[in-house]
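Both of the next two complexes hold subunit A, though its partner changes from subunit B to subunit C.
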Partner chain A sequence: MSDDTLAPDNPAPTPEALTAPPAPPPSTVKPVNCPNCGGTVEIRVAGTTVSVICSHCGSTLDATSPDLQVIAKADEALKTPEIPLGTRGVIKGRTWEVVGYQERTDEEVTWAEYLLFNPYEGYAFLVDDGRRFNLGLLLDKLPTSNWGLGLSADGQNFSRFGDPYPVHTVFVVGEFYWRAAVGETVQETDYVTPGTMLACEDYQGERTWTRLDMLEWGEAETAFRIAKRRKEYSSPAPHERSPYKSQLFEAWVIGVIAAVTLFLVSGMAGSQQRIASTTTDAVLDGPEKTLVIKDVVLPPGRSRVEIDADATSLDNSWVDLDYSLTDQKTQDSIDSYGTAEFYSGTDSDGSWTEGDRKPTVDLSSIPGGRYDLVVTLSAHKWNGAGSSSSAPVTDTSLMGGHGFADGGWGSSSGGGVTVPVTVTVDRGGVFGGNIILGLLVILIWPIIVLFRHLGFEKRRKAVLSSGSDDDDSGSDD
Partner chain B sequence: MFRANCPNCGAPIAFRSADLPVKVCDYCHSAVLRTGGNLAAMGKVADVPDDVSPLQLGVRGRVGARSFELIGRVRWRYADGAWNEWLAWFDDGSTGWLGESMGRYMLLRQVDPAHVVSDVVSLLKSGYAVMPGTKAMIDNVEYWASDVKTVSCVASEGELPFNSLGLSAQSIDLMSADEHCASIQKAAGEDVEIYAGRYVTLADIAATGLREFEGWPMPAYEA
Partner chain C sequence: MSRHSLIFGVFCLGVVMLSVFAIRDGYSPFASAGARGPMFFGGYGPTHK
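Moving on, here comes the complex of A and B:
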């Protein structure tokens, strides 16, 4: 940069700047008088506006004629849009001015459409179905067909929602870039993806595509300063996102975390606590023996009690164990039983063994208190080893352990042989049933949300099913 | 630059290219036709309306590596509305049109008819009606006619490649599945002219020198 281009430190203002301050920028709004009623009509998009419907008398004026010719005379009192003409608001960072308002119907429901304008952005639509608002922009690219499965536009896939249907304009006020008029009928076809609808309008050989994005609850109301709508989902729009879908995801994530936590915690709480352990000798084929473990103390609430028997030296014999856990105070008792058994022998397949020398019995949800555990043992010898070709039935407890005609069982000769049996009582530990109950409780919320979501989707598509069958019993207005 | 004085009012006028033989005098709004060094006033042109357009003569923009300036404007009218076409003078001396209709913009360049495969051209030549939906291949891009109308020129300003006074034409808008759009026009007694390009936003062309409007924030587009 050479010296002579440097500006002086304090440039003297030019005489023009002193005498004639720059004219303020022009306004986009030009007031004119309605040639029918004389009221002031504000033209907001001069040059592009084609039709003006006077907000005072409802007459339709031709904005393309220099003197605003009256196209259709009217003298009705008009309704006022909820968002008044001329209101400006900011949606998604862009300022929009309401320049036109129309009400349209598909013969079942009526909705409102605001025409919005910004001199640098052009036009947009604010569509109000009475519950929620959508911001509509004209597509400047044609959607492409997805092999008959729907349409693709702006990188999104849309599926067709129902059949084409006629849409009638039932009320207009303000200004429009087309010849807006009550009675105008277009044929509309809708394509949807969650949150967005593509509306295809056919009118006298011209086809326009509008992309409608559903705004958040309260977004348009805040922008244009009107009362907020109440959230409700009784009659969702065809492209409305299920509010339960994100909840569903959250509910399942939380559910899974809770379930994993349940397993971890119960695993830790599963460390059992030994209450008592006693060993006694049972005489094979001898008389019943009774063992009493006194003062089994359970804490308040509900506990699980595990009774383990251990008869490690059993061989081709079994011990029936009857348990009775009796509350010292109420004398209520909880009964159960187990069988310790062990058999071995040799047959054509070689040697075999069967049986469980250490049976476990679980008692769940035992109330807190002081109990006595009465154990009745009766030991028996089995003489069938080596002579039987079939494996013995092991779960003799199911069969009652008695009454076999087969010679091997209980025909005694082992008098006086004793088997040491250790009975151990533990408290706590994991009981599967409780975990399943816990899981069910955890899953209640995700399942409720799932059903809400399915209900929402059913209502969203209700229009489709009521249209396809001729049954008119549906009465959800 | 060819400098002269308006044959009607004597105000100084300038022509920047032999390709743009018409200049609407800024003072008396006469259309002045230049033929070599000779000037002829063709008659008064209607004033362009004071419309709410952010564009004006002198607005600059950019497409790819090329920058342009808006130096002329023709306003067209049809039965149900009107729109502007702004003449864009590119820095390589070529021209294009920035169409402004219903708040949307199309940047179009003239296409050699040899690059067009369509019934539209022959239908227009023989004076038959073109139906919306008729296909056209222009520079290997597939288009469909979306709008067919009769248009007439109602006003103009600045420098122009043709005399717009009293001009009327058949005009067909075409859309494609991508961002392309096109316009095919035929004025009475003239050849079919084909223009193709794409929809743009003011941000896309990084427009500067836009008109200001009271109460509206002026966007600042990144060049």
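Moving on, here comes the complex of A and C:
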């Protein structure tokens, strides 16, 4: 079956059109005069049209009577539909002609409905909510109940969206296959699935089901040659697909791939290598002690260097550790510091402990070469609220090999309590902070899209939350 | 694939590449650096209340 008899007004040349140009159909428009105002009324679907609304005076005329009797007069000024009556356009491969136009409202939102006609397909509706267009076709088969969870029609499941609500016709012009009139009120119930709505209309004991498929942005505008609308999602339709859903899926897939790659790259970086390790004793409240670890060799390029101190016998005391990694060739030094500390006690809540006996210092991107690590230790006892400060600086001297200089203080000099401190130097490995930072940066976009999607869904269901509280359907997307 | 996803893919590639360079050079923005300040005294002891 072909639609050649109903071609668009100015169809774009297509390959099919070039190979088999349709002959201009003979005019099927029947012009008659309005008995109220005398204006010309065009009847495009003679034989099926029941009522015609005069486009000049708005009077409703009876198309079934030969002399077009006036059913209802209207004096108000008529609006011009955005798509003029008589315009033809191709949607989903079918050519449709606009024969009627009505505006309806649910007392909160007003939308427009164009009645379309194709002699082979019958009637259809082009519903315009002000943002997007939907193509509505009457169902020729009743939907079936879907185990009490909604309805099934055309192989799709629909869930109910909100309660039934009244819909009033507020403007009408053109011709219709029913007695259309301003003030007509139907009771409508919506069932939705992403991209499609089933609209159930009850009117004077008669029930009709219409399937509304949301058209792509610009599809109807192109078909009927009107200005394209800007994409915006501030007030989505109940059955509108979230434009962020596929974007969200893609963002998470890409993000997971990037995160896995990040972990694999980090795993391939290799583990740390021990360069040096030595142990010395620090005297509590004694003078500073200097330890020199010589010949710390780093490979060419740049490396991560980790310096760990271990003072496991610390108790209610601390050790200041100042590090200076000095290049033997250039004498450039990189300074850093750490504090090993441990405190414990008892209060009304019981016993408590605090502090870190094993401080770690990470040095970033150290150039390759031969270094000396100078460690200055200063140990102190914590005496409650008041604590002593660092002791005066003592002379230090470097010693060869991986030894240390104690500045004249032995492990038991001065009779003070000593704390053994082990200092180790490693190179290589991966900074955990880099991986966490990378993951956080990768997560930013998927989280933004997730919030956009959730915001869209919240706006889509806003009518439910502002309506009755007993319906939480419409969560099928 | 949408344009946004394509840009995000390129962005992720950049993040991974930066991580590779950071691992190669042992670089981290969170690494310890700098000597103890001259006034860094008196901040010791437990903070337990």
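In the analysis below, the second predicted complex is superposed on the first by the 278 of 477 C-alpha atoms of A that agree within 3 Å, B and C clash if a C-alpha of one lies under 4 Å from a C-alpha of the other, contacts with A are read in each partner's own complex, and residues count from 1 in each chain.
In this text, a contact is a pair of C-beta atoms (placed from the backbone, for glycine too) under 8 Å apart; a residue touches a chain by one contact, two chains touch by 3 or more.
In this text, all values refer to a predicted model and were calculated from it rather than measured experimentally.
By the document's definition of touching, of the two partners only subunit B reaches A:R179; subunit C does not.
Applying the stated contact rule after C-alpha superposition, one finds that A:T261 touches subunit C and leaves subunit B untouched.
In the superposition on chain A, A:L363 contacts subunit C only, with no contact to subunit B. When the two complexes are overlaid on their common chain A, residue A:E219 makes contact with neither subunit B nor subunit C. Once the two complexes are overlaid on the shared chain, A:G47 sits against subunit B while remaining clear of subunit C. Contact comparison for subunit A: of subunit B and subunit C, C touches the greater number of residues. In the superposition on chain A, A:W445 makes contact with subunit C only, not with subunit B.
Comparing the two complexes, no residue of subunit A contacts subunit B in one case and subunit C in the other. Of all residues in subunit B, only 49-54, 77, 80-84, 102-104, 131-132, 144, 146-148, 175-179, 181, 199, 201-202, 210-219 touch subunit A in the complex they form. Taken together, the subunit A residues at the contact with subunit C in this complex read 246-247, 250-251, 254-255, 257-258, 261-262, 265-266, 269, 301-305, 318, 320, 322, 324, 334-339, 341, 343, 345, 347, 352, 354-355, 361-366, 380, 382, 385, 387, 389-390, 427-428, 430-431, 433-435, 437-438, 441-442, 445, 449.
Contact residues of subunit C toward subunit A in the complex are 1-2, 4-5, 8-9, 11-13, 15-16, 18-20, 22-36, 41-42, 44-48. Contact residues of subunit A toward subunit B in the complex are 24-28, 44-48, 50, 64, 88, 95, 117-123, 138, 140-144, 177-179, 205-207.
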